[in-house]
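Both of the next two complexes hold subunit A, though its partner changes from subunit B to subunit C.
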Partner chain A sequence: MDHQHTHGSSPRELQMARSMCWHCQSEVSGEYFCDRCVKVQPVSKELDYFTCLGFPRRLTIDQRQLEAKFYELSRAFHPDFYQNKSAAEQTISLGNSALLNTAYRTLRDPIERAEYLLDLEAGSVKQIRNSPPADLFEEILELQDTLNEYRAAGRTSETESTLRAKLQSERNMLEQRQRDMEVALQHLFVQWDALQDRGEATSQARAERNRILKEMRENLSNRTYVKNIVSDLVSTVG
Partner chain B sequence: MAYSDKVVDHFNNPRNMGSFKKDEEGVGTGMVGAPECGDVMKLQIKVQNDTIVDAKFKTFGCGSAIASSSLATEWLKGKTIEEAQKIKNTDIVQELNLPPVKIHCSVLAEDAIKAALADYQKKADGALVDAK
Partner chain C sequence: MVRIVGIDLGTTNSLVAYMAEGHPRVIPDRHDRTMVPSVVAMTDNGLIVGNPAKEHLTRNPERTVYSVKRFMGKSLEDVRGELAYFPYHLTEQGGVIRIKLGEKTYSPPQISAMILKELKQRAEAHLGESITKAVITVPAYFNDSQRQATKDAGMIAGLDVLRIINEPTAASLAYGLQQKTQGTIAVYDLGGGTFDISILKLKNGIFEVLATNGDTHLGGDDFDRQLADLFVKEIREQHGLDLNAYPDHMQAVRLEAEQTKIRLSDELKTTALIDLPDGKGRYSKDLTRDQLESLTMNLVERTLGPCRLALKDACLIPNDIDEVVLVGGSTRMPLVRRQVEALFGKQPHCELNPDEVVALGASVQADILSGGTTDLLLLDVTPLSLGIETMGGVMSSLIRRNTTIPASAKEMFTTYVDGQTGVDIHILQGERELVKDNRSLARFRLKVPPLPAGVPRIEVTFLIDANGILNVSARDVRTGDTQSLAVKPSYGLSDDEVERMIGESYKFASDDLKARQLIEGRTEAEAILMATEKALKQGSHLVGEEELSSIRSAMAAVEAAKSGTDHKAIRAKMADLEKATHHLAEVLMDTSLKEALENKKLSELTSGR
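Entry: the complex of A and B
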């Protein structure tokens, strides 16, 4: 009767499905409520946010579906509805609501979602610490020098206007790069999801998985560096 | 959160800001970044007879990151390679009174020191091979 999926359902999901109702001790087949006594069940803190919200571990998520699920569960767990229930149920409703909120906030934003997936899939960020993008760093440090020069230059001086023009064109180029990186990230999202959907366990699939994760890590890191220097440029030269 | 006086001092009067030419003899360059906050740090040492005779840095980041790297260059000057290896981020935290949320800045500075030392070593080893 144990239907073994080839992929998509992690051991954790099965574990949750098999756990026992804290109240009536029957096996809980419902996800969030006991099927027999209808008591609310604690959502395990071990669960990842995707599973918690009933979504597969994919990077493309339908925002409306996610929101609908969040509202549905928010209503189901909301502490207001548990005021007249037992202390145990009140505690569970509080814990579930908190977890649900964090899960939703994380998955709602594509960048946070990707960062979270990287944490899940590759352990902590440091484990796939890539070699630092030296060229980008040099560029950023050079730009910072130019920014300092510009700040020090007297208003309406010729140097000031030359530097301003230079910084503005740098800004445009960096903003273009941000857009390119955005597109590249979207592309990686699609690749990741397709790989998961295929569910292959070959060494080739593993290599592909690691490549996608590494490129995603690089993309997200560089994104932060570029974002910081761009916001500096914007606040200084507008 | 307020910065400690020492951080403010390093931030307002950064020591040893600047850079050496990367390919200059005896120069080791460490280039590191913290993807979590987007800070970038470049730290360089100039070595003669196993002793660091000069150090420079450039940092793009918050006050604590600037202070950490500024302090690191001050400490590096006059130290031998071996002594420099022993500089720990916790020393920087203590000296600058960094709050917990800024500890990663000191970690970045330690990473930069390690990277600069490794780069110097790599170049020195390479020169040795060439000489043979």
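Entry: the complex of A and C
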């Protein structure tokens, strides 16, 4: 009874899937289900995670709303609810669920969310090199030396306790720095959202956009660098 | 609606449960016993399973298999350390353990299939219908190979395994249903052979697993061994006897160790008694609960590390946990309860029978899959990170542990040499840096068209489905062609082998095959008749007189065939009826169903109420 259309995944077919129901060929006006035959529709893999979860491309996200939407869509897509459906619908349910889970995981975490937005807006986020904050460069070099000295020092020696105290205070400083960077990142989030809300297309707005993205990229790259040093410190000094 | 049962395939005991009017129930046997011992014995009269097989543990130890779950999805090398504890003979073939029983060897999935068949028959006898579909539970920390082996066992037993579900999450479903719990809960599951900890968030019918951890080789068996080792040592010292030379007496020691441990959960002291071979009399040992606790403290402590890791992965501290739930027979031990209470700072729940709660939860999940329960949804995670081998023997992680499933990751592959026609891919599971420290899941060779180096672009998708089982597919980005992959499991039965085992399994059961087909036919005929009645009630005004009368006569024909004994005739009449109702079904689909659904917004369809 059921005509089962095999669902390919090349970009062109996906494009079609978005404009036409894979099952009854009618124009789909429903968001996730065909309005005519109520069959589940594949969420296009070209949709960004914000759109997929029905959120605007903003960096400040209400966690409760995000979770509520995730639960709502999980109920719509989860394979548990497609056990008695056709193979085609089961495949769509599986693909949609996997995409939804990735989207939620990415947007839930502020850092991953910011990295993802950078990737969307500026591309190649994977190529961000973890670099030390420019003003901390000297200090970090010195810290690396102290760490090496500490590792070489005898367990009970007097130098060890001096070095330990020094490393502890470095750790406190870096952890404070991490918190500062998080505050700065939050600030950038607000700036980004405000800029988007204004929706201007002036060259000034473009410059502002590029500045925010650049600062965000720097912030994330410094953050990862400092985070790695702190965890190195924690595992060495305890 | 086809019935789906829930099965707890345990290390020591197995159970089957189903949902009746919104309540999960465990199915007992004629003697009202709910647990089937997970024991299979080869006797002179053939294979026997469960309680009768248990009697053969001491009578016929070399040919009686217990705790087979410990060997699921494992190679001989993996279990070398504990081989001495098992009286039956293990070998290996194609990376899969084989158990020698008389002349033949059996893989762990085949032995498990015998237990599953026993449960299937029990359910069929109790419910008076044929059972072909099941949800089977596994420890949350089971890896891909162990899950696949469990699924294979179901197939060999003639069951369509609709879902592999994690034991602690199954338990949470049973508890959630019972108590309407909300908030963050920790499920501590210490069974016969495995330990799991799962942290979940329960909200409006959604059971979201935040993190899971565990040890698939830590359970009641290990507690028994501590006591058994002590007994064997003392018997050697006091009586000059090495019981290792007497497999039957070793089994008696193991069983007495288990009973002693169980007794010490209720009593503060007890006496273990073991008859010795060669007329050497009897060994007797007075034991206090304190003594047992100091012998097994290190085992209980081994469970606390995974608990802390799970909390850390969930970004929680013990104080954030609202409720702690105990699952598994081993949590009856007072020491375990005290340690869990100390870690989480609250008294754990144990209202539901810890032996039955997993099976009950599995039947709840079965009801969700069959469409009976619509307000609950379980969002589980993959317990271990999944990755591939990269240059220098390092694992590159693609899907991190504790990622909600279904989960997918894509990776692009290309070539390094002109004209290269293949890329070898090695899939791994685990948390360690180096390939050699992780679990090898499978290998396959990606076919690549011969082109200059770097030109081919093959996109491989790794998808972990809702069972926690990996599926791999590949697509040539240039041409858009998909590629079917021959993935060779590192520690599992090949598809061909499973096919063969299913065939063998049916050969043994060929006698009752006909009977089963008849029961199935009748059950399905009953279902289609009821569905047609219902459709007629809703839509008889939508079709013509002629059509109605042809539907009526097709129904009468099914009814007549149903009272006969030819399952083929039933099938034929059912097909005729389907044809006769084809148009009616379409009309109904277009009108009433559409109306019903159109008037509801998505949010209503999917909200918790």
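Everything that follows uses one rule, which is that the second predicted complex is superposed on the first by the 205 of 238 C-alpha atoms of A that agree within 3 Å, B and C clash if a C-alpha of one lies under 4 Å from a C-alpha of the other, contacts with A are read in each partner's own complex, and residues count from 1 in each chain.
To be clear about the criterion, a residue touches a chain if its C-beta (ideal position, glycine included) is under 8 Å from a C-beta of that chain, and two chains touch if they have at least 3 such contacts.
What you are looking at is a predicted structure, and each value in this text was computed from that prediction instead of being measured.
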Partner chain(s) touched by A:N172 [first = subunit B, second = subunit C, both, neither]: neither
Subunit B versus subunit C as contact partner of A:Q63, first or second or both or neither: neither
More subunit A residues in contact [subunit B versus subunit C]: C
First, second, both or neither for A:S221, with subunit B first and subunit C second: first
Which of subunit B and subunit C A:P79 touches, first, second, both or neither: second
Touched partner set for A:S26, first subunit B, second subunit C, both or neither: neither
Subunit C - residues contacting subunit A, complex: 162-163, 203-204, 206, 365, 368-371, 374, 377-379, 403-408, 463, 465-466, 475, 480, 482, 578, 582, 585-586, 589, 593-594, 597-598, 602-603, 605-608
Residue numbers on subunit A that touch subunit B, as the complex places them: 125, 132-134, 137-138, 140-141, 144-145, 217, 220-221, 224-225, 227-229
Contacting residues of subunit A [partner subunit C, same complex]: 1, 8-10, 30-33, 35-38, 71-76, 78-81, 83-84, 94-95, 97-99, 101-102, 104-105
Subunit A contact footprint on subunit B (complex, rising order): 31-33, 35-40, 42, 58, 60-61
